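Chains: A, B, C and D, in written order; residue numbering restarts at 1 for each.
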Amino acid sequence: MLTLLHFIILSIVLFFIGIFGVLTRRNAIGILMSLELIFNAVNINMVAFSKFLTPQEIYGEIFTIFIITVAAAESVLGLAIILAIYRSRQKIYADEMNIMKW
Amino acid sequence: MELIKDILYNTDKILKDFYNWAYKLWSSFNLPFFILDIVFYLLITLAVAAFLVFNALFIIYYDRKVAAKFQVRYGPNRVGYKGILQTVADTIKLLIKEDINADKVDKIVFFLAPFLVFIPSFLVFLVIPFGKGLIPADLNIGILYVLAITGLSVLGILSAGWASNNKYSLIGGMRSAAQIISYEIPMVLVILSVLLLSGSLKMGDIINAQSSISKWFIFVQPIGFILFLIAGNAEINRAPFDLPEAESELVSGFITEYSAMKFAFFFLAEYTNLFLTSAIATTLFLGGWQGPFLPPFVWFIIKTYLVITLLMWFRWTFPRIRVDHLMEFSWKYLTPIAFVNLIATAILVKFI
Amino acid sequence: MDKIFLIGFLIPSLPFLAFFIIVAFTKRFKMISALISITAIFISFILSIMIVLFQIKNPAGYLKYDIPWLYIGNLKMNIGIIINSLTAIMLLVVTTVSLLVQIYSIGYMKGDEGFSKFFAFISLFSFSMLGIVIADNLMQLYIFWELVGLCSYLLIGFWYHKPEAADAAKKAFVVTRFGDFGFLIGILIISYLAGTFDILDIENFIKSGNISEKMLLLVVILLFCGAIGKSGQFPLHVWLPDAMEGPTPVSALIHAATMVAAGVFMVARLFPIFLSSPDAMLFVAYLGAFTALFSATIALTQDDIKRVLAYSTLSQLGYMMLALGSGGYVAGMFHLYTHAFFKALLFLCAGSVIHAIHSNNIWQMGGLHKKMPITSITFFIAALAISGIYPLSGFFSKDEILLSVLHSGNKLLYYSALFTAFLTAFYMFRLYFVTFSGQGKEHAHIHESPAVMTVPLIILSVFSIFSGFIGLPDKEFSIHKFLFLDHPEKGHFDFKVAMTSNIIAGLGILFAYLVYGLKVVNADMLRKKAGIIYTILKNKYYIDEIYLFFIRKIYYTLTEAIKWFDRHIVDGAVNLVAFLCRWAGGKLKLTITGKVQNYAMYIVIGVIIVILVLYVYQPDVMNIFAEVK
Amino acid sequence: MTSLVFFYIFAVLIVISAIFMVTSRNIYYSALWLALTLFAVAGIFVLLNAYFLAGIQVLIYIGAVVVLTIFVINLTKEIEGKTEKQFNKQTIPALLALLTGIVLVVLAVLKTDWASRIAGWTNYDETAKIGNLLLNDFVIPFEAASVLLLIALIGAIAIVSLDKENK
């Protein structure tokens, strides 16, 4: 029988994989993609909670739609910024963008 | 004669009866039902695949014939009667040809790309209503499914371009992706205006909404139909929007490095997409399988081939346009017109 | 009823309005500024008369109106006005003197660059003083008290380009600050004990006897400190003579009606509180008597006309304090009232003389009677009044004071007061004879002051002559029936005392006439005979020098030590903290790598630690629905 | 039963492809793995009867976001990781954090009593309901989201477009 727990644990695992990607990928595009993983983990959670806990309401789905919207906007802007950085520095390694320190 | 007529007119009932019979048979054996379901799904898949392949073969032949007619020449006329076996021969040639993998290509992606292009086209057939009840699965989100799945093929094209490790291929793939994404917007907007009229995403409901010829959405949405044809033509990268594979500029773009079997898949996908676009146009605007006298299945094929012919007509009428004009055309003309169309439709639906 | 409050509110507001208008709009138009200021104070004057007339109908009653302003814990602070007889009479004095001084100033300050500024300041000064008068609670009173201090600073230092004036202003400000400090502490203590700032409530609180004798003494002495500073009583009197550096009308105002009167007025306002501590009263009386005598002796030897008057003011203020300290509430206020007129008159006369001669030194004057008859005559009247010659106003008030001192039973104070009266008469007439009689020095251009200056003189001299008659006993409008503490008293009149004071004053005048008028006795010889005493007096008992010694030697040494402590210990601690921060920052900045992923790592590790801690120590928190259930 | 089987198929697909996405040395492969992950998430949505969301997921995430990402990958260099390092120095602490985080949160979730909160399961056509809600209760967030998208669009163009002077 499929239970809520399945989805929650799946989403936890996915979430932390995304976190790991954000923390370790050098390529800024990779970081952005890992962010998408995090978003998706949240989305799974949202929909699962909505379906299991409040079956009559679909607010979880609605929220997921907004998350997808925000994720799209985020990735568009993020990629645009990465392109701009690439143009000026010819590199998009996140650990080399460190002039904003002390 | 009566039997053939019966089969043609009541295909769905016959299929259902067959399914129920098999179901009963299966239950007498006390076997789990999902195996039966899987068997049926496989059967449907096989049927669709068979239709797809033969249809593609025919469309290629048809395309060449129509092209020849437009150019006042004969076209294929040696293999078989009036060259009807020409495409079969070509296919055999492609299948037995050596599969060349260039040294610098990314082997995995290079191998995957044709399937990434072809599989989505194949998947879309899940919701194509060939006839009354003749739809593999009438999903709730039917048309959205079509949009979503067709969007996947971009990945394959981009991958093909990237994996070829060839600047022409890369540019071709990028152009194709840009083009498909750009033209998806007017297309979605047009489909939205149709959905406003039908009130459902389901293919069946959309067709039922056009129950009589006066209710066909082509008459309600003439501008929408034209926009859909243009955008759909651009989506499947056919002339005059065939820039991604423009021979004269990009030496066939993302398929430059492909040969033999893989090339065959691209080819297959292209003609499948042509059929798909026409089929969806038929469903959305031309009342789908509905029509007098003839069986629904036949009506659907006839209408679809009409649209295909129209698209071929376009192909041989308009010259290929420049890439910046291509994007401008989508963003500056099609999208605004589609928006106006959508808003006008919305107002119409709300107040009339 | 409401109208009276409106009037009471308007009286101080109008000068403030004038001040505001002058500062904001009419600074360039000198005569308009003066006109605005005078109009405002004139209206206030009329309104004060209305208040007095209103109050005469029911002298015992008082009107009080306040609104809450601040709540500090349990302490409620109101802002409001109180109108009783004391207020009424004080309003009248302040507005009258202020009005006349302002009119006089038109002539005196003519051609001065800061003409508008002068009137603005004087308006502000009047406003502050009127604010003190109508204040119904200690905090409000203190605020206006400080405003008066500020205004005195501004006005004394009016000619700030003169270093002496600037110094005098600073001195006045700093010296009164000592007194104000005590005053503030006293206010805070009594307000803390009583739980209110309201004067009437505090009086009730003290009457209820919930306060220990010693505490009360302390509070009263501290409150009196304010009066010491403002009214120039003995240890803090040094600022007043120096304040003569300001324009003469300012001196007149300060000495007659506003600044120094504030101290006396404050004591009178808080008289019930003072009365409840006999020791403190005795202190007030002794200090007053001492100051009176002390200042009078200094006044004998001064050469500066204004300084003589300044010391005479100190002396008279000492008188008032003596009266109040002896329980002569009415006497003190009565003297304040009469003194305001004749002292203003004296100063304005002096101003008139200075205006003519352009010098303050009395030895450069002389024989001015013929050239400036009005000034001379009015000065003579004022001198008679201050000496307490019958029937001028000074006689009645001084007589009251002597009577109240006599009634208090302290013979020492009584004889000291009598001796002071003698000295007063002597130095006033010394001043008169030296300045106005005898052979004139040759000042070709000396002439009488313009009418705008002499008219106030004449008015004030009229006041000086007749204002004392309200002190006549058994009359319908006796001050005793108007101004009283608990119940109307009958005015007393002791023929013996009156005779004694008059004779003593007469002796003083005679002596002065002999020495400086007829010159039968050689002044220089007297000086030589006095010898060291003269030198001491001439140098004002070396008080300033003693203060300077204390400041330069002891205080500076002390502050050097404190400075060292501050520089090395306090600053050292601060610098150590700063150094530690800097050092730690230098180390910690290495964690700020500028790499986004490092920061993200910190966040993730932090979150995981939080979860871990929660998981270990508060497992229930981890059950998401634990509280919901 | 069937749904459980499908769930495990999708879950394994998601986890494996996500791991490959994160660890792949070639950023292009990462993008393809990401596409697969997202597709499997769409499958999870289908299992949850959220068909519309599944469609949106495929349409927007794969059709737009991943394609855009691949676009940018194609426009930049250094996609091949044979010589360049693809991971920064904090890989091991991040790995530890990942494992601890998973264990902790899973433990916390297991501690929670979900069973009493489960309200049941209904199949219904949520598409129409979503549409109604979006244009009634959620119309302001909906419009805000549209404005956000517009801003993102304009912002992206503004950031990426070259000034004519710079050309």
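To be clear about the criterion, a residue touches a chain if its C-beta (ideal position, glycine included) is under 8 Å from a C-beta of that chain, and two chains touch if they have at least 3 such contacts.
Quick caveat: nothing in here was measured; it's all calculated off a predicted structure.
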Seminar exercise, completed: argmin over chains of |mean CA - global mean CA| returns A
Exercise. Hey, which pair has more contacts between C-betas, A-C or C-D?
Worked result: C-D
Exercise. Roughly how many whole angstrom separate the Cα centroids of chain B and chain C?
Worked result: 103
For this session: Find the geometric centre of each of chain A and chain C from their Cα atoms only, then give the gap between the two centres in Å, rounded to an integer.
Result: 76
Exercise. Roughly how far is chain A from chain B, going centre to centre by Cα mean, in whole Å?
Worked result: 33
For this session: Provide the C-alpha centroid distance between chain C and chain D, rounded to the nearest whole angstrom.
Result: 81
For this session: Would you mind listing the residues of chain D that make contact with two or more other chains?
Result: 52, 56-57, 64, 71, 88, 90, 94, 97, 101, 105, 117
Exercise. What positions in chain B touch 2 or more of the other chains?
Worked result: none
Exercise. Residues of chain A touching 2+ other chains?
Worked result: 19, 23-24, 94-95
Seminar exercise, completed: Among line, ring, star, complete and other, the chain touch graph is other
Seminar exercise, completed: In their shared complex, chain C is touched by residues of chain A numbered 19, 22-24, 31, 94-95, 97-102
For this session: Enumerate the contact residues on chain C facing chain A in the complex.
Result: 589, 592-597, 600-601, 604
Problem set entry | In the complex, chain D residues that touch chain B | 1-2, 28-29, 32, 35, 39, 51-52, 54-59, 62-64, 66-67, 70-71, 74, 125, 127
Seminar exercise, completed: Per the touch rule, the chain B residues reaching chain D in their complex are 34, 106, 108-109, 112, 139-141, 144-145, 147-149, 151-152, 154-155, 158-159, 161-162, 170, 173-174, 177-178, 181, 184, 201
Problem set entry | In the complex with chain C, residue positions of chain D that touch it | 88, 90, 93-94, 97, 100-101, 104-105, 107-108, 111-113, 116-117
